[in-house]
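First up is the structure itself, then whatever we jot down about it.
So that you can tell them apart, the chains are marked A, B and C in the order they are listed, and the count of residues begins at 1 in each.
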Amino acid sequence: MTSIGTGYDLQNSVFSPDGRNFQVEYAVKAVENGGTAVGIRCKDGVVLALEKLITSKLLKPEANKRIATVDRNIGVVSSGLLPDGRHFVSRARDEAADWRRLWKGPIPTATLANRMGSYVQAYTLYSSVRPFGITAIVGGWDSEADVPVDGEVGSGPKVGSGGKKEGAHGGPYLYMIEPSGLYWGYYGAATGKGRQIAKSELEKLNLSEGNLSLEEGVKEAARIIYVAHDDNKDKEFELEMTWISSVDGPTKGRHEEVPKEIREEAEKLAKKALEGDDDEDDEEKMEE
Amino acid sequence: MNHLPQAWGRPRDDVYGAYDQSHFQMGGPNQHTQSPIVTGTSVVAAKFKDGIVIAADNLASYGSLARFTDVKRLRKFNDQVVVGFGGDVSDMQYLDRLLNSLDIRENYGSDGTPLNAKNLHTYLSKVMYKRRSDFNPLWNHLLIAGLDGEDKPFLASADLLGTTFSAPTLATGFGAHLAQPILRRSIPDEAAVPNVSREEAVLLVKEAMKVLFYRDARSMDKYSIAVVTKDGVELKQDEKLESQSWAFAEGIRGYGTQVN
Amino acid sequence: MASVFSGAPPQSGPGYSFKQTPTEAPSGTRQHGFYPYTDNGGSTLGISGADFTILAGDTRHTSGYNINTRYAPKLFKIGGEGPDNKGASIVLSVVGFAADGEALKERLDTIVKMYKYQHGKPMSVAACAQRLSHILYGKRFFPYYVHAILGGLDEEGRGALYSYDPVGSYEREQCRAAGAAASLIMPFLDNQVNFKNQYVPDSGSGHELQEKPRTPLDQNHVLELVRDAFTSAVERHIEVGDGLQVMIIKKEGIMEAFHPLKQD
């Protein structure tokens, strides 16, 4: 913590002489303590998963959902300060609604990520505010089918002027937005406590090849959350998972919670994989 | 063209007449919708044993001109409710967008019971009444079809004045005159509803649509029909009226060959 | 140069629209194509007795010559528990423009419920009656187009009945008919409830003639009057019919009954 005592970390929006905004870096620290969140961009959809740390035994299991929906086709999961996450979601929903009012259709995931990046960035510019203490993963499916304009009543001309343009569009999108406002599009994104392990696991999936199916993605996401969780150090956790499939997939282009059966199956496999790892370790030790 | 920039691009009064600037007035009394422009005609609906059948044709008229022939006037809400719109089409589109944003916001609450037809009717009738009270009405007559909170068939109407009512069979516009008597013959009261099967109700509503096509000049033979039950909404938007017979027209003076 | 762009239009040459720009709105009254009211027909009536009040209304709902529905209640319990108004002791009947009636009922109901939450006791009918008057008068210049009748029991347990005009004038009465068939029913009520034009037989003529003394009517008798009033109104008024909704308010609570009327 080279910043301590220099005075450059006492106010937001102020640079240190070597070009850093310490308040933003402290915000990143807040994120690093949060439960691990993971997003995987699969060929036919997006999976979001969260290691929801149980802060009290008095909390009702499976209640208090943390992954939020924006419009119908976008999911947001964040790690860090929970209230900041909720404000982020609230703003994202307003952005999506404003977009709809203007364009009579759903906001593209890329546009939402861009707008939210700008919004988060603005909180690094003023002394009267503090940066967001979250890193948010935004996943969405932009419809590949012709989406009717809201309130559209007819199908319009079939050919010629005003006719529909053929060709592929839409698809899965995944973005991660950091406290600085920095955001990139990712094949796989991870944040929170277990992000390092999660990222190395994500890399092994070769997501850039675009072969991973949504169903496999769900299993991988569950496994990664379990791998990233540290049984000894961390509190107990619940796995929360949502997904967005293509229009002809299981969620019909909507952001929904992964059905309980599928999630539990994925968790079973995740636990089994972990035990397998332990066995291997044991065997290795035996050999030694 | 002359050297006076104020005049550039403006129509000369001696050629086109003076521009009526009253359209450009900002002050003074506000003009709101005084009459519908592009309109849809009747919506008809009937209750049956375990749901509702509702239908409306796919025509939007501009006065007596059949202007748009592919206009879907039945709108689905959250897979449990269908709203049928009669009257102004742009106001219908406004309401559709309103319902769309309502549906999106409803889904933000993670769980809880989704809005049913009864809830939606209450909501829409308050929207309609508010707008009439502001002297800025939404020029529509709506039928809301679905189930109530107890999973019983629900069918009710709301119009541009905010008037609401519910009945085992309903029809808006011309249908109130032509279709309603036919519908009431089969389903006279609430007690008759449990004895009506889905097939009977569909047939009845289709028959009503046919009568409307024969006699309503602002109707057409392509229509949408929806059946709402506990299992959801089945909406068909490209139906065509079948087994038409214009034989009766022969005998009508001014309709067929007989002119005088 | 600035004068070229902001100055008055050229004095010579052809006329352009900006020269004749009207500076005020076109004179004369503007016609409004939208009329915010309609009449949904039907009739209501109320009679108060010694320890009860009866309110009744037909359930036909019309627009012009159309019957919209054969069952649209015009009687509403006010200020009870929950959406069904359990335990209510006040009834409001509204006839005229049904949408306004619905809105009025909703407002009064909310107010009476709030009163109970805030004061821990139900509102008296007298207070409710005056509050209703204020609600109506509050929209004096865009009135609720309804004739309201409010019924309940007063603080002494006697039947209380209040009737209103659309802008809030009100009066406690023995009996009142309102709505489409009011002019048919009211004279009948005058005669049968207040014994107008009824005299004691053989009491003489001229100044000797004695009016029939007014006595509190028995509940069953009143109910008969109500049903007769409506069966008669149905015969002569096209907007009245289909069904009769009756509510009897007594200290034990509100009894509700439905009787079929002719549907023609």
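Everything below uses one rule, namely that a contact is a pair of C-beta atoms (placed from the backbone, for glycine too) under 8 Å apart; a residue touches a chain by one contact, two chains touch by 3 or more.
Keep in mind the model is a prediction, meaning the values are calculated, not measured.
Path length between chain A and chain C in the touching-chain graph (shortest route): 2. Of all chain pairs in this entry, the one linked by the most C-beta contacts is B-C. With centres taken as mean C-alpha coordinates, the chain found closest to the middle of all protein C-alpha atoms is B.
Distance between Cα centroids is largest for the pairing of chain A with C. Between the Cα centres of chain A and chain C there is a gap of 58 Å. Rounded to a whole number, the gap between the C-alpha centres of chain A and chain B is 42 angstrom. Note: centroid distance chain B to chain C, computed from Cα atoms, is 31 Å. Touching of two or more other chains is recorded for no residue of chain B. Across the complex, chain B meets chain C through its residues 2, 4-7, 10-14, 18-19, 21-22, 25, 27-29, 31-35, 125, 129, 132-133, 135, 137, 157, 161-167, 170, 176-177, 180, 189-190. On the side of chain C, the complex with chain B involves touching residues 4-5, 7, 9-10, 13-22, 25-26, 30, 32-34, 36-38, 40, 61, 63, 66, 68-72, 97-99, 102-103, 142. On the side of chain B, the complex with chain A involves touching residues 60, 68-73, 89, 92-94, 96-97, 100-101, 104, 107-108, 110.
The touching residues of chain A, when paired with chain B in their complex, are 65, 68-69, 71-72, 93, 96-97, 100, 104, 150-155.
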